[in-house]
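Residue numbering begins at 1 within each chain, and the chains themselves are lettered A, B, C and D in the order written.
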Amino acid sequence: MLLLELNEVSKSFGGVKALENVTAEVQEGEIVGLIGPNGAGKTTLFNVIAGVIKCDRGKVKFAGKDITKYPTHKISTLGIGRTFQIVRPFATMSCLENVLVALSISEKSRSKNERIEKAQELLETVGLAEKEQTPAGNLNLIDKKRLELARALATNPRLLLLDEVIGGLNSYEVGEAIALIDKLRKNFKLTILWIEHVMKAIMQLSDRILVLDQGKLICEGTPEEVSHDARVIRAYLGDSSASSS
Amino acid sequence: MKRANLVSWCIAFVVALILPFLVSDYWLHSLISGLFYVLMASSWNLIAGYTGQVSFAHAAFAGIGCYTSGILAVKFGIPPFFGILTGIILAALLSLTLGALCIRMGGIYLSLTTLGFSEIVRIIIQNEYKITRGTMGLKVPFLFGNYSKITAFYIMLAAVVLVLVGIYFVLKSDLGLQFRAVQNDEIAAASVGVPVVFVRLTAFVMAGSLAALAGGLYGHYLLLITPHIPSLDTMFLVLAMTVIGGMGTMAGPVVGALFLEILSEYIRVYGEFHVLVFAIVAMIFARFFPQGIVGFMGNLIKQKT
Amino acid sequence: MKRNWLKGFFVLSVSVLMLFSGALIFQSWAAEETIKIGVVGPRTGTAAATGKAFQEGIELALDRINKAGGVLGKKLEVIFEDTAGDPAKAASAIEKLITHDKVVMVVGESHSSAALAEIDVANRLKVPFIIAEAWHDDITKKNYKYVFRAGPCNSGVVNGYILGFIKDYGFKKVAIVAENTDWGLGIKELAEKGLKKAGITYTSLVTERKSQDHYAELNKIKKFGPDLILAFVYGFGVHYFIAQANEVGIVPQTALILEGAGPPSLWPEFWKTVGDAGNLELFVSRMHPAVTFTKVAKEFREAYKKKFHKPPTDYKSRSIFDVLLIAADALNRAGSTNPDKIVEALENTNLTVSSGVVRFGTTKGTYAYHQWQPPMLIIQWQDRKQVVVYPKDVATGKLRKQ
Amino acid sequence: MVDLLLYLTNGIVMGTSYALCALGVALVVGVMRVINFAHGEFYVLAGYLSATFASALHLGIFPSIAMSILCVFFVGLVVERFLIRPTYGNEMYSLIITFILYIIVENLYLFIFGPYPQKPPNWVSGSQNLFGLFYYGNQRLVSFVTAALLISIFLVVLHKTWLGRVIRAVAIDREMASLLGVNPTRINFFSFGLGCVLAGAAGIVLTPIFPVVPTVGVGISLTAFVVVVLGGMDSFLGAVVGGLILGIVENLGVAYISSGYKHLFGFVILILVLFLKPTGLFGHRQFQ
């Protein structure tokens, strides 16, 4: 089933075209990688899907519904969860409370205790069980990313947008993270659209890959196809200084 | 709530109950003013401390509370109880309108709009002197029955207790959780489904109505309401009390309000310059101890244990 | 987060304890050695200069009274509380004087709005209150037992002086500018009534005490074309008004201006702001070096010069001096600090002060109850010299229209 | 008709000084995303200093003006360094800090200069018959010309010099500016000082007409906020046009509606603009 549909999405900031006629689809159950050099418009695309930024032209459809003009929180309740490239935990609240915020919306009908139980489960899933009372601001970067994942999962998403969850981890941690994402995907029956710079991870885990360059979708296909595409290679080599970081 | 905290609040309440019998009339007056500011600061804290929006219209809403009730009482002989209720409803409606206008646009806009609104309220009160008596001050009847400071004190205390308990339960609820999420990071909050604008609007309307309640009670205690209540001076005191006590905590505004009220009695000899002293204290806190007295003491004790 | 609650309470209880121990100590201190009289008046705000004049008058009165043996065998002490010209602050200031400082009487005040708030408190707490310079008729019209006024009232000033001045000098068209306070609105209404009765054309405008730009209002006045402007604006606002009226070519080119309060025309800032526009300006006053109503006035002048090394300017220093003499005299005659006895003594006052011989009215029902209207003067600035032009029997010079 | 002309003249004269003052707010908001609540206090400071230098130190009019402006600039820098810099990125925090600063400074003025109005001597005296229709104060005319001149100089500097380009670059996009090798902290520092100078310049120009008292600052700040919201928070041209509009509206309002409501018109405009077009007349961006 077609879950997410982008139709000629365009967005510019004061003359700079951040997205130009992006058309793409994500099927239910897929895991799709989104790659491209820095400044290609990946995060902007996420923000458009999540409703944080409204696109100038084009349409975003989710599960058949036109959500282009929906406010962020409504899009979230429809089933799109996300994490942020630069982490945004609720710093003064404990990990448990961070997750409970999401549950207070997605599990409105459940009792308080049931929600706490569920929150604890989620924290355990991402490996934060022991830190449930720690204020989120005091966590290290990896744990903050875990927390964001748990928080996103608490919204009961059908589609999960992951923005560089692996960035900044060492190779051992990358392995762990890949395992975790894979596990989550299976346990929660998730569709995932993710931005990543760590090629190894994205090649290993994605069913399909979208490549953005300067706001345009330049290539789409399996990891195999994409890695041999001339346009992709050019895009990366042409901007090698920025993307090598 | 932890047991120790509950016990502490209860002791504070009992102490407050017997206070009127221990102090002179004059200090009773300060206490009642203190309670007024506790109401004001605690409710302002709801919007500023818990959802992270600086509203400058809080004193204006208190003014709307006391002038609505005062005018109804003076012109139509309506008992203050109903007058205050009307004032609260009016303030709620106005804050709803104002909030709906500007909250979706974010921080600076809310601050500027509320600032503009508060000036509009002040200017209207000053100019419509045929109704409000402008800077001359409107004389209003006492809350009910004969004038008595002790009655006023207990009514004010009852209001404070009710409001604090109410705020406590709101903060414990889902809404309170969402307040704090919004304050921490509105984009993240929205992305987990929190309706940010609605949450802020709720906090804004709640704060506005509570300010009107505080203003109404205080006006009928003072017997004379002047544009000083809806002024930026009052707004400053409320802000300073909350900042000094500790924003975003239950006890902060209470501590801050009582602390400044007591301080103002001791430095009253310096006349107008007590505001200067307050402002300097507030600046020191805002700049170096943004968590306020409550947060600061908390950290101290934490370090020791 | 949760810990904060506990800490919060800790701080709370400590501060509450501090407060009450403090309160108890304060109360025990209040053991009296002196007889205290409270003074209320603006020491800050737009009329802070009045506070300064009051302060000078208080010092001179204290010197005089205490040299003569004080009151009731004790030294007299004065506590001067600031009202900032704000009614709410005024009410709490007088309440503080009475309940906290335990003064036996209160005197002073120069804002009608503040006085109207204060008299309620004084009357409720049953402490005699003598007003020096708040002019609104209602202050004594309310016929409160504990409220007296040994100073001008609007009716007295308008009917006794301003209208007479207008008629005697044959002004034909009058513009009234009044501030939106009890005094301004009250005196405006009285002036309108009087002018109507006298058949003189007039127009009136209400303005804000603190406003600075008067061009639009002045344009309206200019179109009306008056030969006299009555300005009932207290504070610095009137300075701006005069300076700008001169710029747009009204004062003194086509009309004279009569400032209805007085002291603002005597403040040192007057000439700095208005410059030459102040020439020929008229104002109401109670004091002029050449007009000595009584012996006390002369003594006051000399004492003032000796103490402050300059001649007295703002007549409000003498007003407060007078009411303090009246208060001390009443206390001594009452023989106690019992408020009812003081009221009785005040009602029987027959005392010579600097402005004349004080006798309070005792017929109920009008503003004349508990009221004593001192004689007033209308003075014109002529080449930076004060010339009394009205009443004509004490005039020291001629009115100059150009 | 004559009346209308007088009100328009007065509106434009007042509006020009509003614009001068509001440019400072626009600069600080544009570059730093900070609403400086104490903006008007710098106006008052310049007013007091020019009065003090002229009367107490017996300096001439122009030396005292130059010295006052210099002082205001340095005070602005000090405020930026110690109070504003720690608040970068948190606009609520900076708002609270500057609000408290405004109360402190206002009361300090009361403490230092007393409650009485103070003014420097007029640059010129007397009045002029304008268009042969009405008399208008010479000082107002001179102040108007000075303010207009200062605004022109500011706009020229902003658009024609390296410094102006850097400031505009930072105002448009901070990240891009830092990529260009500009140190944003230094630009903030300087811009804040310059913003204060603009407020101070307005104070210098207007105090001979309207003497300063400690409490006028907040009114000046509020007027400037209204002007920048009206013009668009990120637009310098908007501040100029907004100032003129406000000046004219206020004067027409006073003339034809009520003088007591003079300052109300601005705030009504503020709320209407926020409601109808939050970006203001010339602005592009909304601030989050």
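Observations on the model:
The rule is short, and it goes like this: contacts are C-beta pairs under 8 Å (C-beta built on N, C-alpha and C of every residue); 3 or more make two chains touch, one makes a residue touch a chain.
Please read all numbers here as calculations on a predicted model, not as lab measurements.
For chain D, the chain whose average C-alpha position is most distant is A. Distance from each chain's C-alpha mean to the overall C-alpha mean is smallest for B. Averaging C-alpha coordinates per chain places the centre of chain B 36 Å away from that of chain C. Averaging Cα coordinates per chain places chain A and chain B 42 Å apart.
Work out the mean CA point of chain A and of chain D, and you get 46 Å between them. Among the residues of chain B, those in touch with two or more other chains are 126-127, 272.
Residue positions 110, 260 of chain D are each in touch with at least two other chains. Under the contact definition stated at the top, the residues of chain A that touch 2 or more other chains are 92.
Against chain D, the residues of chain C that register as touching in their complex are 44-46, 48-49, 180, 205-208, 211-213, 215-217, 219, 223, 236, 239-240, 244, 246-249, 267, 269, 272-273, 275. Only residues 1-13, 15-16, 18-20, 22-23, 27, 43-44, 82, 84, 86-89, 91-92, 95-96, 99-100, 112-113, 116-117, 120, 124, 180-182, 185, 208-209 of chain C touch chain B when the two sit together in their complex. By the touch criterion given at the top, residues 3, 6-7, 10, 14, 110, 114-117, 119, 122, 125-127, 134-137, 140, 210-211, 213, 251, 254-255, 259-260, 262 of chain D touch chain C in their complex.
Those residues of chain D whose C-beta lies close enough to touch chain B in the complex are 29, 35, 83, 86, 91-93, 95-97, 99-101, 103-104, 107-108, 110-111, 218, 222, 225-226, 229, 233, 258, 260-261, 263-264, 266-268, 270-271, 274-275, 278, 286-288.
On the side of chain B, the complex with chain A involves touching residues 174, 177-178, 180-181, 183-185, 187-197, 248.
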